[in-house]
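First subunit A sits with subunit B, and in the next complex the same chain sits with subunit C.
Entry: the complex of A and B
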């Protein structure tokens, strides 16, 4: 019952936005109000899942293996809360920083459709339905990416949509094969029926097809190239929500499918995932070193961070999965915040190019602090959230005696710090060179900034500050967050509870 | 340019479809006359398809397509602006109304203590009206809205 709200609220918000198409002020209000309502619904859901265990609802009252089931265990509920937090932060940021043209073309309704797709993907208990939510997300994100129609944007959007459609094709093929083998697509039902076939060739093929499909969505090595090609093209109010949420849906799907449906397969799949995780961490961070554009550096770091997130899945221990989940919680907030900060820096100097920025520490010390908190957290300095996330993963790696991956994780951490310090030195520390601003705006495509004054224009700053406070709070209250992550990992490792929750709806 | 002419000529004739200018008329008189006869028939047929869809082939999607085709035909004969006037509601409004209808039909279940999208029926005489029909009406409106949004946008360019 509660489960439908994280999907119905964004949909209702988007519909009201369609009615209020011509009244931009109403749309802005709706955008924020919808996000607040979504956050409340998500927190309520998390509360009841925490207190009463996994929740499920059978859409249309159709019993479990036949209809579509929405099901929320702790992992799903946590992810929905994170999506709502990011939705609210970005909606507030957009009030101050999205340009009127994009607002008039339905930025807020699209944002909420995207949130609906993300929440739907987290909550569904049916593989085909998961595919549908992926498509909802893909369509909304494609329009958001291309909205404005600038040349660079269209180029990025084409790469993005082509590769993501390929992922969808892989996904659909795997779903078709799976249906042919077990005759059901309800995840719990598949998990039960595929157990006797776990070591057959067809099962393994399906597992690797799904790994490829979700791997493209999650941007893991070697399928990540669409991400740095597209994420820096749209305005920050769009790319921040992409950076925070979209790849994480792929990671969530990997976590779900490879713990529930293909849990243990003679350790082939975990070993492959572990190797992929090492390469993903390395290529991402090395790619970032070569970049000189704020958002491109951040985009490459998303890839390297995805490596950490699947590290725990590769270890396939409860501690490892808990580390992964903690890492996702930490990463979604930090990464969105870094993109917001890049947007705030752009609002000051009109550029994302490191060589053109500078001197922000002197002129905007508040912004400098806002950058330092997520940046140091990303690199893993205590007492911020990233430190605990990495500590958990490293400890889990040591317990599993995977020395190689631990070494990679620690080395990549240092390189991340290097990259963040590069941004710090270029954007905040070095004195700003005085180039004539007119030339600047000619050389680069500058997004028109929303015309707003006073309190409104500070909203971007405050939404970023809110996320920074969350980062610090996750660091300080790490044991509470860890309790959630461990309980969620426990549920992933023992899927019986998930399966029995689903089967309560049996005829 | 064409739009202006049609609006002007529609002032001359009282009620009924706006009659296009002389050169336009010459090009498509058969179409113009045929459309005026076909439009109500097609709209009726689309509603028939929508209602039939509950138990037999048909439904909101095909019904919506037929209705949209009827309006598109009208736009071919009399221009996009005239079609827009015939609709009264903008295609965007149709989409929003349709989505709202579908969402509302889904929320009837939760209001009566059942899961989302659970079918609920009321008996009106011999008729049984239910939320699936309401959902289909939503689909019908969304399909008309989307199709006409595309066609009218293309026609205006």
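Entry: the complex of A and C
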């Protein structure tokens, strides 16, 4: 029953928000209240999954392989909590920083529909249902991305929409083939029925179709081109939630499908994923080095970080998967926070261009600290969360004797540090030029700033500070987070528990 | 019949992908439509084509004797059709708005946000 709430609460919030279309104050209140309720429901879910093992709900009481099952193991529950945390942080940030026009056209209801899609994708136990949640999430993200209708946004949206729809078509193709082979789409049931066919050609084809489809959504090499073309175009209140959650749904789907349905398979798939992970890390970080715009640098770093997240899946050991899960926990919070900081810097100087920013350390030291915490965490400096995430992955890599990938991971984290230092030097350290050169305004949308004063305008700062505190806490309490990550990885490696949870609904 | 459908599905995928690679935005949308129709037909075919055997349990028995027409793929396709209808409607509005804003339907001119 608990599993319904993370889906029902955002849905209810969105519907109520649509009823309150004309009353922006009501929408704002609902937006935040819904996010708080979602966080409470998510934490309750995590608590019961941690104490009692995986939970399942059979929608409409249809027994397992026939109806749609919602199922939450530890990984799903952790992801739902993270989605709720990001939802709350971004909703608070948006109170101060989203412009009135976007707010009037339904920013908050859309945000909650997006959260519903994300939570649904994390909780579903059925492959076709996963496709449906993907579409719910995509539809909301399409509208959020294009909301405002600036030229750059529309251009970015065309690429984003096209490539994501193509991914959906591939996913649907794989689902169709899979149904033809095993005659079921319930993930646990598929996992059981596909075991005797594990090495047949059609199974391989399905596995690679799914890898392509989820790879596009997760933005892995060489399928990431939609991401840097679109993520920097909408306002920060939109791109921060995209950066934190959307690609991670793809990563989650990869983790789920390749541990549950196609585990190991003579190591072909893990080897391919490992190679993809190395290229993803490298191309992402090298792309970032070439950029001179705050959010574009961050967008390329998302790609690079996705490489780390699938590294553990490529190693396919419990330690590696635990590292991946730890990395996802760390990354979602840190990356959203960096986008929020870029928005705060934009609010001060009205630009995202590094050459037009500057001097923020002198004028806004608090903001500088807020940037340093997630930036150093992203690069992996102790004692912040990124250090432990990378340590776990590197240790797992050494243990599996994959020296090459370990070298790439360490090299990329140095380049990440370089990139973060570039932002630090340009935005915070160097003195601000008084007379900025005329910018070519084509690629750089200028957003009207929301009308707000006093306490409200500080909300963006405090939501970012809250995420920074979380980053430090994950670093200091790494033991506890690691215990969660390891238990989740253990459940992924031994899918029998997941399968038997699903089967409890058998007639 | 399966063979015919396989050929149709293959052509739909091929045409769809070809259209996606064209420079015109309108052809891009047509390509997406063809691609999603291709995958819908694929699901339909993968559910096995059985003619004249509705999945209705006969009197006095507890299950349907095979072969029977599988209703599940059709339910899946119905869902997928509704979704792709909504998404394509959105995509059409999007390219219309982009055309109004940018004044071109050539994808090569829509690359100011690329890097």
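As a convention for this text, the second predicted complex is superposed on the first by the 498 of 507 C-alpha atoms of A that agree within 3 Å, B and C clash if a C-alpha of one lies under 4 Å from a C-alpha of the other, contacts with A are read in each partner's own complex, and residues count from 1 in each chain.
Following the convention adopted for this analysis, contacts are C-beta pairs under 8 Å (C-beta built on N, C-alpha and C of every residue); 3 or more make two chains touch, one makes a residue touch a chain.
Just so you know, these numbers come straight off a predicted model, no measurement behind them.
Colleague: Is A:11 touching the first partner subunit B, the second partner subunit C, both, or neither of them?
Modeller: Only subunit B; A:11 stays clear of subunit C.
Colleague: Is A:19 in contact with subunit B, with subunit C, with both, or with neither (first, second, both, neither)?
Modeller: first
Colleague: Answer with first, second, both or neither: which of subunit B and subunit C does A:197 touch in the superposed model?
Modeller: neither
Colleague: After superposition on the shared chain, which partner residues are touched by A:33: those of subunit B (first), subunit C (second), both, or neither?
Modeller: A:33 contacts neither subunit B nor subunit C.
Colleague: Mind working out whether A:172 is in touch with subunit B, subunit C, both or neither, as first, second, both or neither?
Modeller: The answer is second: A:172 touches subunit C but not subunit B.
Colleague: When the two structures are laid over each other on chain A, which of subunit B and subunit C touches more residues of subunit A?
Modeller: The partner that reaches more residues of subunit A in the superposed model: C.
Colleague: Counting contacts the way the document defines them, which residues of subunit A are shared by the two interfaces, the one with subunit B and the one with subunit C?
Modeller: Residues common to the subunit A contacts of subunit C and of subunit B do not exist here, since the sets are disjoint.
Colleague: Tell me, which parts of subunit B touch subunit A in their complex?
Modeller: So the residues of subunit B in touch with subunit A come to 92-93, 95-96, 99-100, 103, 106-107, 109-110, 114-119.
Colleague: Can you list the residues on subunit A that touch subunit C in the complex?
Modeller: The contact residues of subunit A facing subunit C are 128, 131-132, 135, 138-139, 142-143, 146, 149-152, 154-159, 161-162, 165-166, 168-169, 172-173, 175-177, 179-180, 185, 228-230, 232-233, 287, 290-291, 296, 442-443.
Colleague: With touch defined as at the start, can you tell me which subunit C residues reach subunit A in the complex?
Modeller: Residues 16, 20, 25, 28, 32, 35-36, 38-40, 42-43, 45-48, 72-73, 76, 79-80, 83, 86-87, 90-91, 94-95, 97-98, 101-102, 107, 110-115.
Colleague: Can you check the complex and tell me which residues of subunit A touch subunit B?
Modeller: So the residues of subunit A touching subunit B come out as 1, 4, 8, 11-12, 14-16, 18-19, 21, 57-61.
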